[in-house]
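Before I ask anything, let me first share the structure, which is written out below as structure tokens.
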Amino acid sequence: MDPDRLQALLDDVAGGRVPAAEAFARLRRLPYDDLGFAKVDRHRALRAGGAEAVFCPGKTPDQVVAILRSLIAEHANVLATRADAATAAAVAAAQLPHVYHPLARLIVARPEARDGIGLVVVAAAGTADLPVAEEAALVAEALGNRVERVTDCGVAGLHRLLAHRELLAEANAIVAVAGMDGAMPSVVAGLVDRPVIAVPTSVGYGASLSGLAALLTMLNSCAPGVSVVNIDNGYGAAHQASQINQLVAKIR
Amino acid sequence: MDPDRLQALLDDVAGGRVPAAEAFARLRRLPYDDLGFAKVDRHRALRAGGAEAVFCPGKTPDQVVAILRSLIAEHANVLATRADAATAAAVAAAQLPHVYHPLARLIVARPEARDGIGLVVVAAAGTADLPVAEEAALVAEALGNRVERVTDCGVAGLHRLLAHRELLAEANAIVAVAGMDGAMPSVVAGLVDRPVIAVPTSVGYGASLSGLAALLTMLNSCAPGVSVVNIDNGYGAAHQASQINQLVAKIR
Amino acid sequence: MDPDRLQALLDDVAGGRVPAAEAFARLRRLPYDDLGFAKVDRHRALRAGGAEAVFCPGKTPDQVVAILRSLIAEHANVLATRADAATAAAVAAAQLPHVYHPLARLIVARPEARDGIGLVVVAAAGTADLPVAEEAALVAEALGNRVERVTDCGVAGLHRLLAHRELLAEANAIVAVAGMDGAMPSVVAGLVDRPVIAVPTSVGYGASLSGLAALLTMLNSCAPGVSVVNIDNGYGAAHQASQINQLVAKIR
Amino acid sequence: MDPDRLQALLDDVAGGRVPAAEAFARLRRLPYDDLGFAKVDRHRALRAGGAEAVFCPGKTPDQVVAILRSLIAEHANVLATRADAATAAAVAAAQLPHVYHPLARLIVARPEARDGIGLVVVAAAGTADLPVAEEAALVAEALGNRVERVTDCGVAGLHRLLAHRELLAEANAIVAVAGMDGAMPSVVAGLVDRPVIAVPTSVGYGASLSGLAALLTMLNSCAPGVSVVNIDNGYGAAHQASQINQLVAKIR
Amino acid sequence: MDPDRLQALLDDVAGGRVPAAEAFARLRRLPYDDLGFAKVDRHRALRAGGAEAVFCPGKTPDQVVAILRSLIAEHANVLATRADAATAAAVAAAQLPHVYHPLARLIVARPEARDGIGLVVVAAAGTADLPVAEEAALVAEALGNRVERVTDCGVAGLHRLLAHRELLAEANAIVAVAGMDGAMPSVVAGLVDRPVIAVPTSVGYGASLSGLAALLTMLNSCAPGVSVVNIDNGYGAAHQASQINQLVAKIR
Amino acid sequence: MDPDRLQALLDDVAGGRVPAAEAFARLRRLPYDDLGFAKVDRHRALRAGGAEAVFCPGKTPDQVVAILRSLIAEHANVLATRADAATAAAVAAAQLPHVYHPLARLIVARPEARDGIGLVVVAAAGTADLPVAEEAALVAEALGNRVERVTDCGVAGLHRLLAHRELLAEANAIVAVAGMDGAMPSVVAGLVDRPVIAVPTSVGYGASLSGLAALLTMLNSCAPGVSVVNIDNGYGAAHQASQINQLVAKIR
Amino acid sequence: MDPDRLQALLDDVAGGRVPAAEAFARLRRLPYDDLGFAKVDRHRALRAGGAEAVFCPGKTPDQVVAILRSLIAEHANVLATRADAATAAAVAAAQLPHVYHPLARLIVARPEARDGIGLVVVAAAGTADLPVAEEAALVAEALGNRVERVTDCGVAGLHRLLAHRELLAEANAIVAVAGMDGAMPSVVAGLVDRPVIAVPTSVGYGASLSGLAALLTMLNSCAPGVSVVNIDNGYGAAHQASQINQLVAKIR
Amino acid sequence: MDPDRLQALLDDVAGGRVPAAEAFARLRRLPYDDLGFAKVDRHRALRAGGAEAVFCPGKTPDQVVAILRSLIAEHANVLATRADAATAAAVAAAQLPHVYHPLARLIVARPEARDGIGLVVVAAAGTADLPVAEEAALVAEALGNRVERVTDCGVAGLHRLLAHRELLAEANAIVAVAGMDGAMPSVVAGLVDRPVIAVPTSVGYGASLSGLAALLTMLNSCAPGVSVVNIDNGYGAAHQASQINQLVAKIR
């Protein structure tokens, strides 16, 4: 419940248009009827264009279905991340309205098309980084952002990245996804003056240490303007890119 | 805000006794008014027998003096941990009532003798572990606990530990301090059925990895009843031992 | 065998009421007929409300059955931790009296209901932490403690934790279970002045390093009053919480 | 070289207006002529409100003086980070216009007051985190942003953080600085829907692993909306916060 | 397209032998029609005796087939590394001309026999290192080098290595493959004055840390003349050995 | 070539008894002729009571069969370590004389009973450590040593270890096998003055880091007289214990 | 107390020859009487040719003097390891009879020349490893062993090692000291069939990780017969080598 | 002694021009008079244009002087690496002919100008990497190679690197030196088809882990043609680059 609606409700109570008991019931049902902190959560959901995402690992398919059913009662474009085929099948069997993106392991429940605003660019260094990059791109789209994808632009073939320099320079936020040496986000931040949210991936072997090497590379970027999220965390990068893009686009 | 107070507030709005705008402000402010965290902190200080401890590293001697002066206005036995000689000298120059324990690098400001209650045993595996063990023992005493010290009882000379088995079995909480192989707390927990709070120390070299080896040993204790605090954290272990001992002694 | 009983036995031998041979047999059968250390073990089992727990990994189902059969001859509520379905099936096939808790992977053999004493609170940060939290809760109950569960109270939704502040403040010991950032136990220890035993879980991915990140967070808690056990070690935390709670409740 | 220009060049060769040799030379040189990287850098400097920062470690005081002298010929508010007293003395001796902030180890050369735009909030968990936080705040100010500081708001005293919730909710970007358990940024991101750039600090000891523990905590934040920079990298966080804030404030 | 061909094409345009439109079409299709960097790639492919290698993990069999089909249109001896049986089967089903080496997990598509030039020696410390060593040897052969294999020459049986000293001393580059203690490349570099490219393998257990131990050994070689590639990266070592050998053999 | 032989050779050249060319060839070849490493290996096999052991991982069952067939032509009690069921089946199918010990994953080919000499004690801390301990015990027996086993003697039940103190004190070498906290070898070395070869095992979870915790514990033993082998390396420990025991028993 | 003595004691009680109270006292005191840990320690000191060594770090010079004074009352050749110049000066000022070896940082108090028995060879890979190697050699001599030193025999100059092969083959125990790649002990164990106790040193830089790289190399030795002690632990290696050598030489 | 000289000496003995005793003395003095391996070393020194380098850390200034004095008796351009000011002063005081390069911490003893052959390019990513890069460049020059330096060409300012692409493409070997993110060598290897020897430096802070981050980046280079040496090991990289360059230049 945002401040306007709260103010209006209280005015209605003061004006006798809404009985105190009914206001009590409505406020009570809100997350903050005890402590108020959940009001923040509710506000965030409304403003950010979607509810909290459901992280599927460690939950049974039935649990995911139950949580999604509850969330889509109030929200569109509810996200379930890292959903495997079994979870997707359970959501389908439960006849929840949804789209499942197997490459990105993403379910968008109660999907609703939106005109994306602003610009978030999602760049992937190699083809093996695509699952993570696609998760980021789809999440950013579901959160209401315009998204452009740049793929296969690692530093071993620098010209492929340079070809997209103008697009990168227009972005309000860039999600840069790379495994192995993780060098691409540094190069991007050296090219354009836009916030780069780097996502290391677990792509690689041996001394890639399941993505730790790429993570460290990114944290040590010699170009300023790079911040980093957890390995393979396309969702988290897209969430923050969306926060930035929507602040810039003045819709929040 | 509990349901009753929310209902009452809404009744007041409906009855015109509270304007809607004021109710709005109070509902908005609620999470802070109600939590009363400062009270919690104040209560803890009183119940626990002392104020928050001052962690000296990263603070100038003058800053430590200022903080202590403020705290001893309300509390006795205020602790400043990891205080070096310069800090101690500054406290002395400021003529704050205090005792400085150089081995333990501990300042007890506005010291006040207490009859220690219950029993906390502080055991040290080697002589090089004494600074950390002594910090733990002095902190526990300052917090109002009866403390017994057992020293030089590492597993290389097991009989020295076994000689104190009855004392250990009487403790309400045991602080077990060890570096190098860190094996002593496991042995203590295998001997007596009392909660053991293990403190790894940075004593050692090479593969001791500055105390990480001892830390890992303790976390993997094959005897149940061992929990662990940070390397060299004598203060933290004594704090928790004091919590336990005073709960047992029924003074909190 | 405690000193009184030893004295009495020897008096009986001296008085001719017990033949030397019988005294020999009794002293011999006791774990300490050579060294005396096992007396502690026997006492611990009785006082703590149960026998040593059986750690199942690395044991065949048949071995677990054999060990449980031996232990339930003398004890109720014998625990077998991390028991998989095959082990549970073997225990069932052997017709041992027991309850199997699949979520917690826990077998309680010769289960015996008890009135829980005192209060241990088991708090879990996220739903994926529930298996570890439930292991802790069930172990604490089996050991004779009153247990209250607080679930889904991670710092991303702080109000859910704050709603239970009073319950936390009543606990004699709090088991705080969290994966990913592992931040919840620090917050709990900042809220209430009760001993917090933190359990990092392996929930997470990438830079969670299978729970090491949460473990390190907890060891570095900026709030005093937190000690830590091994990753996913719900049993160990419950064991120590039980030690503390029962000392407080004066039954040991 | 875009297709139109390539077509025109070839037409010129075909028409004899450009010799083949000259076309060869231009096609060969192309990648460099067209990229214009130096222009990019120059543009960035102007748009971002300042020149590239000088990272002092590994440079002699004389080298820093020479580089600053060169840069202030064209820019105001030139930053030299991690400048020790000797470097500051050399800059003073060279009579360069500047301000030295010893706590933040920051030199602002050719300082020029600006009306800060938008809002960047810099929050520090503990007093020992202040050097890093102050570096971030001063850098953000030098880059032309309005900055508000929130200090000593770690999770051990949550009310201190909550008291500033409204300020945090107004920020276009939040720089959250924390050492030890590094838990504060997660809590901030759970409270307000603004991009949080987390800076782990090397404050701590033992298992803090010189800031790695806090770094891992932040990467594993259970609240979305957190990205992370290198340990103690106040400059980098402020740089990205400035990028975001100025995009939002529509000055770039 | 190499400089000669570019010059000739432009001459033809200038001389009216090739219309500008046709030249446009040809230059456009080349990788560098925008930026020129791909020219390098094309040149490298021709000179090095083969196209870019395809790293199979993370690609579907169908994707590998498609990429290979595209590459063999222009190149012989196209390599697909770490190809599993399913990928090899897909390549066979697609009736691409190829040879599959299961031990080395290597596909050579459009294979073409060549007279190997110069000398690359591939030495393997143990039989378990053979898959990596064989990958290196086959890659070096496909790239047009003469290759000699030395197997089972670890330092536990030094004489087996010494028996091949003269062969090693003739090599233009030595690929030295070793797991476990990774000591062999140091010994080789101490014996002969030829560049040694060391490949640590993941062969080992426990403290081999999946090849990190061997990697560290090689990086710390007390004999100069050793450089190192990633764990199990036989391809990368062979690629660089080929670069060196062909420079020496004056074919590039 | 020792000085005498060199002098003689030169005298022969001077005296015309050996042509310069032949002397040149012999001097060039010298390092190999003289080292005679293969003889060393052969000698070791005979003296040590068996041939080189075959490490099975990374070898196909057929390869193991072939190697064993070759070795048993000359040796009895040839060992194949870490042999899985498929390898054992292949050895059986090949009708090689052998015994397979599935718990220890050990094949003894051409088994030959021997009167064990001296005394090697193999002690295991827990039942889950038995596979590694049994590998050590069987290897030591196959190498001709008298072996005594002590099981389930971890420090959580110290009396079980102490009960075997006299046996331990008689050993010429003690193999001490422990996982989890790895504390037992330190205790053993504190009890008896005999060389202890400690074997960490991968038994444990979480912060045991697959045996690294136990390894570090053992390397940091506060009792002198402990050396350590790789995690789970029962074979290696037994090999060295056999070397020591047989030197003591004067058979080598 | 063994069964016979227990039976006899009880018979004496039953027969009135021993009062129950006295039996009680003796049974109670048992762990000390029977375990005789101090005796064990005392015996070890005598048999091993010296008292416990004093590890100086973490002890003040005065403390070291006091401990040495106490020990030399009963023992000759008392060792104080890692003694810096200040400690040596204090020992000299106290006029304790002693020799100080600055390279090895070793004090031998109440030195007493002995005819060394058997043979321990101490081999050092490089000159920078000499302090650790010399500590090992001097300790072994002080403990009564004949010691031969082999220096500068790293694998980069293999012939220097091979020149001493016969000496190595005569040793009852070999202490092999190496930093950087740590490869030398593997080579030694491949040459001769004698127990090798490897000592990694902290000599090196970068990826030597202060000796961890050498430590890992040694733990992964592909030649059997190598066990390992802590980094720079020359004392520990010499202690175990002495145990082995003296068992072989039949003086214990 | 190379084969030609050995053959000539033996011919002289056979022809009576050199007495056998004199030949004995000369052969005996050579490193290989026992084993022949040192012949390799002597050959290497001659062919590679200089003697073995002296690694100064862990040696006293006097030791370095003594070793250099011995080596310059036979060789020019003898290198002493990582020489601090005290060592340089001792060499000067001893009046050895030499040049000291303080930035590179390198002493060239008995310096002798040479016409460098071939081409080695040494590229440094940042100014703080210059000490390591300069060590590499000076070593390569002392070993007789033509060297070109490219400085300050990190990926944050890519155009600075691209400007040198033609020079890089001419090199027979490229030494690429970078700290922090270590990304530059990957970019170089993507640009030109020449062997790149990457040197990670310890430049950086926090998550650079003293150069480990850059090391891992380089090992995971997504461009083939990169091999890696130890952190800060400019000498090692130059040594191997020299091996390659001189093989290509046909002088060895």
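First chain written, first letter: the chains are A, B, C, D, E, F, G and H, and each begins at residue 1.
By definition in this document, a residue touches a chain if its C-beta (ideal position, glycine included) is under 8 Å from a C-beta of that chain, and two chains touch if they have at least 3 such contacts.
Since we're looking at a predicted model, the values are computed, not measured.
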Call it same or different for chain B and chain F: same when shared residue numbers make up over half of all numbers used at their interface. same
I need the pair from B-F, B-D or A-D whose contacts repeat those of D-H. Over half of the residue-number contact pairs should coincide. B-D
Rounded to the nearest Å, the gap between Cα centres of chain G and chain H is 40
When centres are defined as mean Cα positions, the distance from chain D to chain F in whole Å is 58
Among all residues of chain G, which ones touch two or more of the remaining chains? 31, 35, 37, 157-159, 162, 191, 206-208, 212, 215, 219-221, 230
Using the contact rule from the top, write out all pairs of chains that touch. A-B, A-C, A-D, A-E, A-H, B-C, B-D, B-F, B-G, C-D, C-F, C-G, D-E, D-H, E-F, E-G, E-H, F-G, F-H, G-H
Using the touch definition up top, name the residues of chain F that touch chain C in the complex. 126-128, 157-159, 162-163, 203, 205-208
Taking the touch rule as given, give the residues of chain F at its contact with chain E in the complex, in rising order. 31-32, 35-38, 41, 55, 57-59, 63, 200, 202, 210-212, 215, 230-233
Chain B residues touching chain F in their complex are 125-126, 154-158, 180-183, 186-187, 189-191, 204, 206-209, 212-214, 216-223
Residues of chain E defined as touching chain H within the complex: 37, 40, 43-44, 47-48, 53, 172-173, 191-195, 197, 215, 219-221, 224-230, 235-237, 239-240, 243-244, 247-248, 252
Chain A residues within the chain B interface of the complex: 3, 6-7, 10-11, 13-14, 16, 19-20, 23-24, 27-28, 32-37
